[in-house]
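The following pair of complexes shares a single chain, chain A, combined with chain B in the former and chain C in the latter.
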Partner chain A sequence: MMTKRTETLKQRQDKRFINKETQTAAKYLRRVKELSGAPDGMEPFYNTLERIYVDMDYADSGTYSHTVGTYCVMTPPELIYAAGAMPVKLCSGNYTAFSVGDDIAPRDACPLVKAVAGFKQTGLMPVYEDCSLMVVPITCDCKKKIAGMLSDKCDLMTLHVPASRNDEDIEEFTAQLYDLIERLENATGNAITYESLSDAFRTVGYAQYELSEFIRLKKQMPYLIRGSHSMAILNAASYMTAADWGKALHRVNGSLKKRIAEKKTVTSKKLPRILLTGSPIVFPNVKIPLLIEETGGIVAGDETCMGERGMWDPAVITDNSFDGMMNALANRALRPCPCPTFADNSQRIYRIKQLIKENQIQGVIYHVLRGCLVYDFEYKRIEDELGKLGIPVIRLESDYNEEDIEQLRIRIEAFIELIKLKQEPEKITAARRSF
Partner chain B sequence: MDKRTRQDSFDKEYTDSLNKLYRENSGLAGFKWFLDAAHRWAYRPVEHDVVILGAAVPEELVIASGAEPHWFIGGSLGSTEWSDELVPRDTDPVSRSILGYINRPGIDCSDAMFIIPLTNDSMRKIAYILKSEGRKIFTVDIPPDRSDKHAVKKYAKQMEQMCAAISAHTGSAVTRRSAAAAMKLVSGARAALCRFLEVSRGRTDIITDSARAFVQNSYYMTASVGEWTHRLEELSNEVEYYALRTKNKERRRPGVMLAGSPVLFPNYKIPFLIRDAGLAVYDTADYITLRSMVIYNSETLHGSRSRLIESIASQWCRYDASSSYVKNDVMYEYISYIIQRGNTEGVVFHVLKGQIEYDFELERIEAMLSERGIPVFRLETDYQYQDVEQLRIRMEAFSEMLVQNRIRKVKRAS
Partner chain C sequence: MRSKKRIIITVLVCVGIAALAYFAWMIPFYIFETNDFNTSIEKLLSLDYLKTLVPLLIIIGLSALGIILIVLLRRMLAKRDKNFSRSANLRTGRAGGKAPKQKPAVFMIIRWIIMIAFAFMMIWGGLIFGLGMSSLSIPVLSCPWNTEQMTESSCYYLSHLNELFELPIGSILLFFISTLGFIFLLGRAICGFLCPVGLIQDIMDKIRKKTKTEGIKMNEKMYGALTPVKWFILLIFIGLCFAGGNFCNFCPAVAVSPILAGISTSLYVSGFLMVLVLMGSFFKRRAFCTVCPLGTIMGFFHKLSLFRVKKDCQSCTECGACYEACPMGIKMIYTEREKADVTHANCIMCGECVRCCPEDNALSLTFAGKKIYTSSRKKIMSGYEEVRNYYDDKKD
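== the complex of A and B ==
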């Protein structure tokens, strides 16, 4: 039983936590907003991030009666929508929650997992507390163990992500998705039917279509949108329904099309075009894209699971039956995914090479969150492969705190300078129209 | 570091540990065979063997497929130097050491087949490295959640596939008879190990803790499981003989349980330190020890080939205490059982740097032990020897605390 004194202490701690958490989130949101060249229609995304992290409110689930927490990109959102619930991605980038989680999770655990543990421990983050079920795909050791810890605090289901992706693995994963249906139905009280699943495919498909359009526009013309703005859009997808997010993205796409027609870009200068890959960049931990863009580069490509990778691949239905749809979901979750959880992940190299080509990338920043061993393991191979192409790469290791910002700034600045030196000098011609 | 220096540092660590073990236990005639076996293993060619990385695969199926398993379970600082450039800085020393053994100059593993249980992130990525090098590998994907109703089925299916892959490598198929014979053989070895651990328990005056751990590890360095079992029975008889005839001179040492990451030969700084600090390891709670308790009874040895494979898979899934599970209830319950049995005055929880799964498990174990008033000493280290003196000071302080606890208990009782 809590005494009056400990109760006051707890209240004071909670208040401090809320203050620090909201201040950090507000600061990073403001820095993203302050970057020049944001397209029209960004408000819904900013408002969502503000609602979740600054106002500390529940996710706006609209007509959906429940929310289901998910981690990683392997949980099919279609199944959750079909059960009448809204998926909320709970991977966290919060510094304050990280510092709480630091006392709970082992020292060498990755900061993302520590932040999740921190939020769950404080019980102060509505999006975490509101979940009727959490679905944790086991993609790394930290996720595996945090699932064990979280299962004591909430209803949780794990998904065994196989190390390879052959037909048998897909079949086994499909069987797990059938188990997930059962759990979702129990958690929400709604049955998943052929119709509800088809509707969910359409809902998610619309958002994916808008995203593919967004990616197509970005590729078409360099410097059309800043990477930090693009990341804010993609991070907001975690807390918006697919329909709302798709609608909001449609407006941004319209604005980008207008820019192309008017030949407007975010800058008149020829900025080094950077591809960001490696460990996920989760709001509010957007210090790396912000540093890149504040020090004179532009994040032109993003190969992280909280970025384009998260929603890019649509499910391909080759058989119109219920089973066919389930197979399509399992295939989509595993086959195209370049997550380093897979033992053989050669396709990530092809994906990076493809992004380099399509986005005219001049340098790659490989982001490694401290303790994220799976990404660290793949660095060497990627460095070798990109070395053959003459693309410079740097490995940036960081944590969820602001202490390393100046160190990171120096390294990023030097990297950008290096690319600029390689670049042909800009020709000063007629003034370009820019923001 | 050049090739010669690396080889020298490996040899030195290996022979130093063997010599120290011999010096401390020279009175036991039967112990020498195990030292010789370990020495032979270090320079044994791998060639066409079936190599198991780690100890998380049922070797009975490898034996049933007509192969003598060749294990690389890690444990050597010297071998980590052959893999330093291949893995990230934060990789755990066990995985580094395993990869080092594979890349050791003079030991040709190019024709070997590697069985890789994907127990953690490092093993998953090591599998990728070996595959990229064009080596023949088979990965065993361990279902991480025991509550998954398909877990045993998935594991059994993989065991079937593993048997097929090894059979293709050895040219010898797994039959009902070969599977039953292999199950019987390993059950005999595990039963002998259980007996040895029981008869030597607390008798540090006859056989040291490090020697007990070494005998256990030597299973993974043997070329013949049958001979190892026979020699172990002889050693157990010898220990039992002395135990019946001599009074335990060292019973004053506080008894501790060594839990967490398994201590693997030749890096025995922890058991050596425990002894130096005046403690005795009464029990060990790691997944390798618990594996020795998977013994098949006569009923399980009957049935069709697939039934035998299923029963192996089911036993392994049920009793595997490795940290590759979402919740390691088997380990938790085992530790709880050992504590209930008595004699444990403290727990040394060994965590190798980078093996965070053990650290995650510690929280729950610590809470249970604190309820029962058992102090826990979390000891984090790697395979380097630079921290020995620091660890010694901490271990001595822990030992002193256990002695004081004893005195307090006696005073309270009187």
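== the complex of A and C ==
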């Protein structure tokens, strides 16, 4: 009798979880879709996000027999494709899972990790359950502990991420990638060969090429596409094969090219151009880009690891032996990565300055997830550096819930108003004169 | 403790090199009965030519043997290694398939054509076109024992300074003017474009890439350890003549150019060194260039040369691909974030960094302010073009 009742309780909990989860995901997806000015060819990305979060289905792995879960940009997708598996990025932005994870993880842990813990606790998310192996680069303390928690439930491998990027660190990381080969081969049953690795380089390289085209087009005209839409595209990359994603992005690029030729933009107004940086923005936690664009700004660029930065740098093969390719992967994983886990991360400031120049940014929004210490540490330095350039910065701390939305809205609105005041002083003086 | 050990090893290596260089004439590699310095086109076509080629063939055979032995040894070690045993076959076995490779750049093709043409000129040029320019001196490691090369090579008089000052004043002036003129005009681009020893090393590297053999990766520490050795070799290069030695018995370049030109020169330590150079450059591109004394001298003037490597620090993402690609291990090229000019004393202008840079316009090679080779994402990704075409076709 007792067991039956607990079972039904569990079932009820699960049902409630699924209901809530699909509702929030559907709501945010709808809000992204409702934003004006989406380019043609967005459907595959919307469909993927819908499939994963609303329909709660497996990722469409196509011809790949397995999926391998990854966190962070340091896991080289090339190796996973070479093992005949599809990498799925499991960094989560789910509010419902967050509230479950809140009870398991300590209060000060970051919400992303709590959401991951929550999904694994409920065991209801197919993308998580389907993984043959999870690869967790240890980029912060939270990731280290979540790796321990997850390893009870599935096969898991940690990658030690060094604190600096010297030659020895790269060599050490390469050795770890060799270990990863072994783990991947065990998990998938497919051997990694020179041929399969080169093919994987081609697969990922194609997607990266389309991404670089996408960003190059975006740079040409500041109002070409809304940041929320580009965020949806880049978030969908986590759950699509590189080939499918590249193909879908190719269509979007085509429609963007057409827009440039016709000189069509998202809006005719001069919206303040905002750069979004800091902690990752993971669907469905897209409230900040949505709020920016709903209150009259536009996210013209982003420097987040689930966004443009994550897949930007290609692995350049400088030496075509197998070891050379492994080296290229290790090198790409560490050297260009502006993750604050590295002790000296001054290159992130250069990267932000570069984005500001290229995208004609007027203001920077620094997003910090509550408990994400490494990003919070870097805020001060970036504020100082941007102060020298005269670019306003605002630090927005948020959590995975909807309680802080109104507060965020007020702050974002004020920030955008501030930029608008800076932007059009001549208009105001002209009005006064006529008065 | 560790630094003490390093100093002792460095000193021992330097002393060993000095002893080898000084007693080079006592260690024969291959001795001809008579050293015949006369050559002609007829001789090149006769059977005698084969006789002069013998030492070169021995060198090639020995280095091939050495390379194969090293590859086998590495395979054995990799199989025994606890961590790598599983991927030992991946690393050392024969690899099928093709790694993505970008289309050859025009710059690279031109560089290879110039290198091959110049090496040809330095070996057989005098025989075919006469010795009209032989009073000009170019600072390349092409052996002056080959009396038939088109232009003089500065290395002989730089390593025999006592003989230089016995020459008539006009010759001394001409030597300095032409040598310095070339250094100012081209800088170490001479190493990357003209030097025949550089060509040999690049060919060895090409062979390695064709066979997909795993190379030896140098890191900062190893380059750091080589630096004192490099300076010491420069010291020997300049000072040996005053101590009564002859650098030519030690120099590896002797083993190629005169022999190919049909001049039978007896080889001493240089023969052994050439084997080492060939083996070294097989596993590490341009291994000899990292210690080349002539290159070090040219490096002093790197601020003056018309060839420059320029960097747009704004576009750089510090991905380190340029550093990975650089045969000379110049790290500054990827860490620099302020200056636009990243020409380093060790840079040989081979353009490899530009070829491997994935950012548009981030790196470029300039000559007299004009860009001659610029990096671009499109060029890097041209290796993936087949895939792109495949998807384009599928769409339509």
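The rule is short, and it goes like this: the second predicted complex is superposed on the first by the 422 of 435 C-alpha atoms of A that agree within 3 Å, B and C clash if a C-alpha of one lies under 4 Å from a C-alpha of the other, contacts with A are read in each partner's own complex, and residues count from 1 in each chain.
The definition used in the following text is that a residue touches a chain if its C-beta (ideal position, glycine included) is under 8 Å from a C-beta of that chain, and two chains touch if they have at least 3 such contacts.
Being a predicted model, the structure only gives us computed values, none of them experimental.
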Combined model on chain A where chain B meets chain C, clash or fit: fit
Contacts of A:179 with chain B and chain C, given as first, second, both or neither: both
Chain B versus chain C as contact partner of A:15, first or second or both or neither: neither
Chain B versus chain C as contact partner of A:148, first or second or both or neither: first
Which superposed partner A:344 touches (first chain B, second chain C, both, neither): first
Which superposed partner A:325 touches (first chain B, second chain C, both, neither): second
Which of chain B and chain C A:258 touches, first, second, both or neither: neither
Touched partner set for A:250, first chain B, second chain C, both or neither: second
Superposition-derived comparison: chain B or chain C, residues of chain A touched: C
Touched partner set for A:373, first chain B, second chain C, both or neither: first
Touching partner for A:140 - first (chain B), second (chain C), both, neither: first
Chain C versus chain B - closest C-alpha approach in the superposed model, Å: 5
Residues of chain A at both interfaces, chain B in one complex, chain C in the other: 168, 175, 179
Residue ranges of chain A in contact with chain B within the complex: 104-109, 138, 140-142, 144-149, 151, 158, 160, 162-164, 168, 172, 175-176, 179, 340-345, 371, 373-374, 376-381
Parts of chain A lying in touch with chain C, wherever the complex brings them together: 165-168, 171, 175, 178-179, 181-182, 185, 192-196, 198-199, 201-203, 205-206, 208-209, 212, 216, 243, 246-247, 250-251, 312-314, 316-325, 327-328, 331-332, 335-336, 346-347, 350-351, 353-354, 357
Residues of chain B touching chain A in the complex: 86-91, 118, 120-122, 124-125, 127-128, 131-132, 139, 141, 143-145, 148-150, 154, 157, 324-328, 353-354, 356-357, 359-363
Residues of chain C defined as touching chain A within the complex: 83-84, 86-87, 90-91, 95-101, 208-209, 212-215, 217, 219-221, 313-321, 324-325, 334, 337, 352, 356-358, 360, 377, 380-381, 383-384, 386-388, 391-392, 394-395
